[in-house]
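Presented sequentially are two complexes of chain A, the first with chain B as partner and the second with chain C.
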Partner chain A sequence: MMIRVLALALLVGLLIAPFVVAEERYIEVSGKTFSYTPGVIKVNEGDVVTIRLTSEDVHHGLFLDGYEVQTKAHPGQDGVITFVADKPGRFTFRCSVTCGEFHPYMVGHLYVEPNSPFNGYAALAVLVALGSLIVMAREGNGDKPAKDKLFGLIDLDWRFDLTSFKPIRTLFKSRWFPLGAILVNLLFFFALLLSMFVGGYSAGNYNVGVMFVWILWWVMLMFILVPFFARTWCMVCPFPLFSDWYHRGAVIEVKPGKQSGLNKPWPKSLKNMWVMNFLFLGTTFFSGFMTVKPLASFILLGAVILASFIVGLVYKKRSFCLYMCPVSGFQALYSQFAMSEIRCKDPEICKGHTPKTCFVGSEEGHGCPWLLTPFDFKKNTYCGMCLECFKTCPHDNMAFNLRPPGVDLLVETKREKRGLDEAWKGFIMLGIAVVFFIIYQGPYGELKDMMRATTYSGFLTFIAIHSTVSLIALPAVFGVFAYLSKLASGNREVSLKRVFVNFSYTLVPMGLGVWIAFSLGILLPNGSYLLHVISDPFAWGWNLLGTANFPWTPVFTDVMGYLQGAVLIVFQLFCIAFGYRLSKQTYPESSEARRGWLPMLCFLTLATLGFLKLFLG
Partner chain B sequence: MEIREMIAVIIVLISTVGVVAAILGAESYRSSAYTVDLIARAPERGNWQPRHVTVPVGEKVTMRIRNVDTVSHGFALPAFDVAVPEIKAGHVKVIEFTPDRKGTFPFMCTVWCSNHHMDMTGELTVE
Partner chain C sequence: MMKKNTVIVLSIVLIALFLGLVRYGMQHAWGIPADYEYERVVLKAPFIDKDIDFRGATSLDEWEGIDSKEIKLFYQLMVLPWPKDSVPSVTVKAFHNKKDIYFYLSYKDDTLDEIHGGNTFSDANAIMFPLGEDVPNSTLMMGFMGSSNIWQWKANQDREFWSGKGPGARVYADYYYPFEENETLTVMGLEHVSAVNDIIATGIATLTRKNVSLVEGRGFWIDGTWHVMFRRSLTASDPEVDAAFTPGETYSIAFAVWDGASGDRGGRKSISDFVSLEAGT
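Take a look at the complex of A and B:
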């Protein structure tokens, strides 16, 4: 009886749902640097919504993503927009008049309910997880395939050597490459530094240095450079040029003999990511200044160049790049996922070759500046792709391979061990993404005030919360699931640390997906500023390309949530594909591996749902 | 030193000192066309700079107004009927006028740019 009543109620509900009468909604929104009150508005699909915008301090605007309507308000002069809420989902409304340094972060959220994009993606994430279990069960029953194929499609051993094209190999063997690219980069970089310096305290969204570094460069790293080409940024990075010049006594030539400087080896206990982890986290404390104030970016980049030179006076070769550069750490970790690699072609040739010129150097080039052994390293992590080994190898035995994504996540060798440092790098990257999204792209003015340090206590609270999330909270939650995995597997031999560390490499595809989704939220609304700043880079009234007066124009923000959801689902697939393989590496028995995988699958699915909630829900 | 090394060193110099000198040089040549260079900031961040401008009577004034602030400003010089309704943050406007009488005249910001907006004023002296 009860069931029948419920079923009837459900049926009636479904029938009348489309006929719910559209309401007229009138909402007053007041803008004050840098938030709206209310910051969150909820309406139902089909409602006729009128928003009246008032300003409490300066000239503000309100642009609504997806509906592309906007209005502006001065103090005492209100603006009104009316629209039919016919598209469901969560939409960001943002200030459209530069109202102060945090202007690009002045946003609010409009929910047009039911939030079907979020519901759809959440259901998809759960289906993906359940589907993966079916695939796993079928794989377990059948014969083992001869080759390990990603998604059953791409052979993980597949490689294509780009340098099999003669012109590319010739280019890689030339001493002008990548030096030529570094020098061009250096030129642009000094121009950007100048713009940040003369830009001083002006609006970051109208400064070419700030826009190029934090919109273009950062987004390019996350979208293209790291996932496809590993550490190619390190290949062309101009920062270590001066230290290299000092060490080598020449910019391009290779001089025989000892390098200048003290040439001390980096301390053994610090040959990992810990220093970079803390330096990077520490740098993000000040992102509320660096991404909005040209002078703050100038100080940061200047400090990095200076530090790379000073560290170079004391320590060997590229010690700074390897173990200190703040942006080196995540490139190192995420390049394990990258679709390219530099490796030796035939280890047999290397075996018979002494001395190993790739390590000690020759007349053609320097011994590996990144202190790797090019003849046998197996992971991208610490390879800066400087291409010296292509020059020093007399047998042309080095290759620049294209490969399937994620390969290095499954690699562990005696000298290239997995470790807690890399696990924490993964947590820190995820933690930063969560905190940054909530503060920068969320509707909470108080948090923005904390981040931009309107009060010292607020700023310190932000630092405390931010550090706790990345360093303690996320690892603790992950640790619980790792423990459950060990319990579920029934294996008592393997240590909890090994379970924890091994599975932490699933955070690499997860982190990349989250950062790509995050970057979409920065690039699509704000990318159009680039057209202005590239034409008038120093705010002197130049108009190099004729686009100096191009107005702020958000692009594709109507589909942004769909794109972010799709990115998260794609990377959830990678997480599952590699997570299960990691489980098989962790637990020797396949039945253990399957049982031990279930808690981690739960974690990854919950995490994906959490990020969907963050970006769409 | 080998020729190749010399070329590389020269390119390094061009890419560092050279590019900065070239940009600053080009700008100082270009900006010599302006008789008055005015920077707009809200009063608490520096106000008009300079706040007192002196120009000769009867000669055409080419005034560059740079808004290097984080909010929009406006410019009005009522005595000579000159106004720019809005100069967005990071933007630059150039205005021209010929002052035809002597005296000291006020100019001011015309966009509500801060709580101290009403103090964002300056003076133009025509001699």
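Take a look at the complex of A and C:
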């Protein structure tokens, strides 16, 4: 019966489809800082669409991604665009005239139906999941391969030591590196801070500090630095420099003896990510100011620099970076996915070497400022890549390895245990991405008003929703699937906490993918503002590079949705690849691992579909 | 112990310095305030027991002996591109006879512009009376979102109304669209019932001419100077949209001047700060 109904529906659909006639559509869109009404427009492919833009307050524009058409409107002076909706999908229309602080995020969505890009990617995500089941079934029937290869291609034990090149090793052993790079970075950040300070409450998209920090730097972290080079940002970060100098009592050279300051050990109960988790989440409450108002960015960065110094006065070495820095936390978690690492080459050499100069220091360099034991750590999480261990090791036994992505997700040692703190870091990062996308890149003016605190009650509601999503809702949903995984596995020995924590590491590639997709939506439409601000960094009328009058020019917005969908699918593959391995680590029997994996595969597939819906649907 | 105290003191000093820096930044977050000494001009409108008839051969001698005030004008900054020149000032006189209130505006203008067409613009001036309790801080954009009653005299209307001559152009532009230099809106000319438009506005782009103009006005261009007179009843026929005047009370008013030869129209104009109008008893 059901089959007959479906067949009939399909037949009717096929009969009707050719008779969907293109129409002329006239739509009035009203712009008011910082949203459009209506914020969502739906038309059919082939329709001739006329949009009349009116403004209720100031000068607004409307640029339509993908169709590259735009118009502008003043109060009392409307603008009109007409185009043929010949490309299917969801397209963002955005304000093209700087109309205030939240201008880059004044957007709406045009749906040209059927939304075939979303449908295609959604089908692909389901096929990927189903395909992985076939691979899993075939693996279960055959012999175990001698080497564990990612996607059957890349040996997870493969490493290539970049310091095997002598110039690189020499550079890493020099006391001037990375200090020289830090000093250049310090100068650069000083200029950015100055621009933020003098920028006051001016529009952030015309401030070099705001643009470099929240558009370029953040995107670079998510696109390149963290996934490829782990915590290389920490290597050149200028923020803790003053604290380091104070501790060491020297700028470059190594002074023997006890370090300055109270040198208290960080409390044992807080040697995890919890403080960073809450500080980072708390920081994002103020994103509606920091990302758009130069002075707010100045306050945040200034507070981080100040806190790093004051914490450095009290606690040992890089305690601030390890356990407090808001930027450090997500780098720590996501660097587990990174394609590079610092490790000792031969543990046997280290075993015979006393004292452990990489930890206690020597005349050549300082003992690990990150309080790690470079001779035996196995995960990137807390390695700030300061390169001191290269300088202090007399046997040249440290390596800067290139490696396959995601290796650390499978690592757990007695000293580097997986934990709920890292699990929640994953949830928080994912929750922030969801909330930020909906507010920054969604068509909901009320939510934007809540985030930028036009009313206290709205702001508090935003904080409550944001916290609930990140701290409670996502973990709760994940917890249900973890429980189902335990039930499906049939294993009663493994604790639910272990199942929950182990599988939470699948959120690392997922989170990274989501953040890369989110960053594309910020960078491609708004990156051209960078050309203006680098030419006139302090808005003093300079034109250093001749690009001060370069107009706002969105790039590749016609393919942005496709890129975002592709990124999500690629990282779905990583989630599945490492998720199944984590299942095998969680459950001792391979049959249990296969059964226990199914609910988690469902979760990851549903999550991917959810994100595809968010970005494309 | 000493070391701990040093850390505490150093921390407090650094935090205080940072907070001081933030405070300074917040105080100047909208830019560095310019030193601007502004002393509000007081314009007295004394009681004088006389009428001026605007019909026929009106003599400017009627205004002899009444105190005048020179009021500085500056350009409407909210409209781009900013001009090189503006009308620098306007001389104003006022009085009332317990029935009507009169204003007299005079300013230099080398060219007589009384034809309003697609590319020629009429000379004009206006008096703005904010309505309601809360007077805006600035006269920019007609006091932003505050309500105002505006009396706008236009040379082309004066020509048509008092001289009975035709409009001189069938269509005209009366809107300045600042970012599209070649684009002007043309609209049909309206029949003028007075030389003065009696207008209500609640911010930019809301200028609405009332159906009935309660204000009379007449202008004379003599030897490169405009002399323009206004008259209206002291009482408001509709308090929601009409300015009202009570002897003994003080009101905020502002002035605007359009120089047609400079391309002034719509938002492109010279405006004054608010002036205190004291209606004498």
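A few comments on the model shown:
Please note the rule applied: the second predicted complex is superposed on the first by the 601 of 617 C-alpha atoms of A that agree within 3 Å, B and C clash if a C-alpha of one lies under 4 Å from a C-alpha of the other, contacts with A are read in each partner's own complex, and residues count from 1 in each chain.
Heads up, the rule we're going with is that a residue touches a chain if its C-beta (ideal position, glycine included) is under 8 Å from a C-beta of that chain, and two chains touch if they have at least 3 such contacts.
The shown structure was predicted, so the numbers you read here are calculated from the model rather than taken from an experiment.
After superposition onto chain A, the modelled positions of chain B and chain C overlap sterically. Contacts of A:299 after superposition: chain C is touched, whereas chain B is not reached.
By the document's definition of touching, neither partner reaches A:550: not chain B, not chain C. With both complexes placed on chain A, chain A has more residues touched by B than by the other of chain B and chain C. In the overlay built on the shared chain, the residue A:200 is in contact with chain B and with chain C. In the superposed model, A:313 lies in contact with chain C only, and not with chain B. When the two complexes are overlaid on their common chain A, residue A:72 makes contact with chain C while staying clear of chain B.
Using the contact criterion defined above for the overlaid structures, shared-chain residue A:261 touches chain C, although it does not reach chain B.
Contact with chain B, but none with chain C, is seen for A:251 once the two complexes are overlaid on the shared chain. In the superposed pair of complexes, A:217 makes contact with neither chain B nor chain C.
Contacts of chain A with chain B, set against its contacts with chain C after fitting on chain A, overlap at residues 59, 74-75, 200-201. If you check the complex, the residues on chain A that touch chain B are 57-59, 74-75, 97-101, 103, 175, 179, 183-184, 186-187, 190-191, 194, 199-203, 205-207, 241, 245, 250-253, 532-533, 536, 538-542, 548-549. Residue ranges on chain C touching chain A, taken from their complex, read 3-4, 7, 10-11, 14-15, 18, 21-22, 25-26, 28-31, 175, 177, 179, 185, 204-206. Touching chain A in their complex are the following residues of chain B: 2, 4-5, 8-9, 11-12, 14-16, 19-20, 23-24, 27, 30-31, 45, 64, 66-72, 88-94, 111-115. Residues of chain A that touch chain C in their complex: 59, 72, 74-77, 197, 200-201, 261-262, 295, 298-299, 302-303, 306, 309-310, 313-314.
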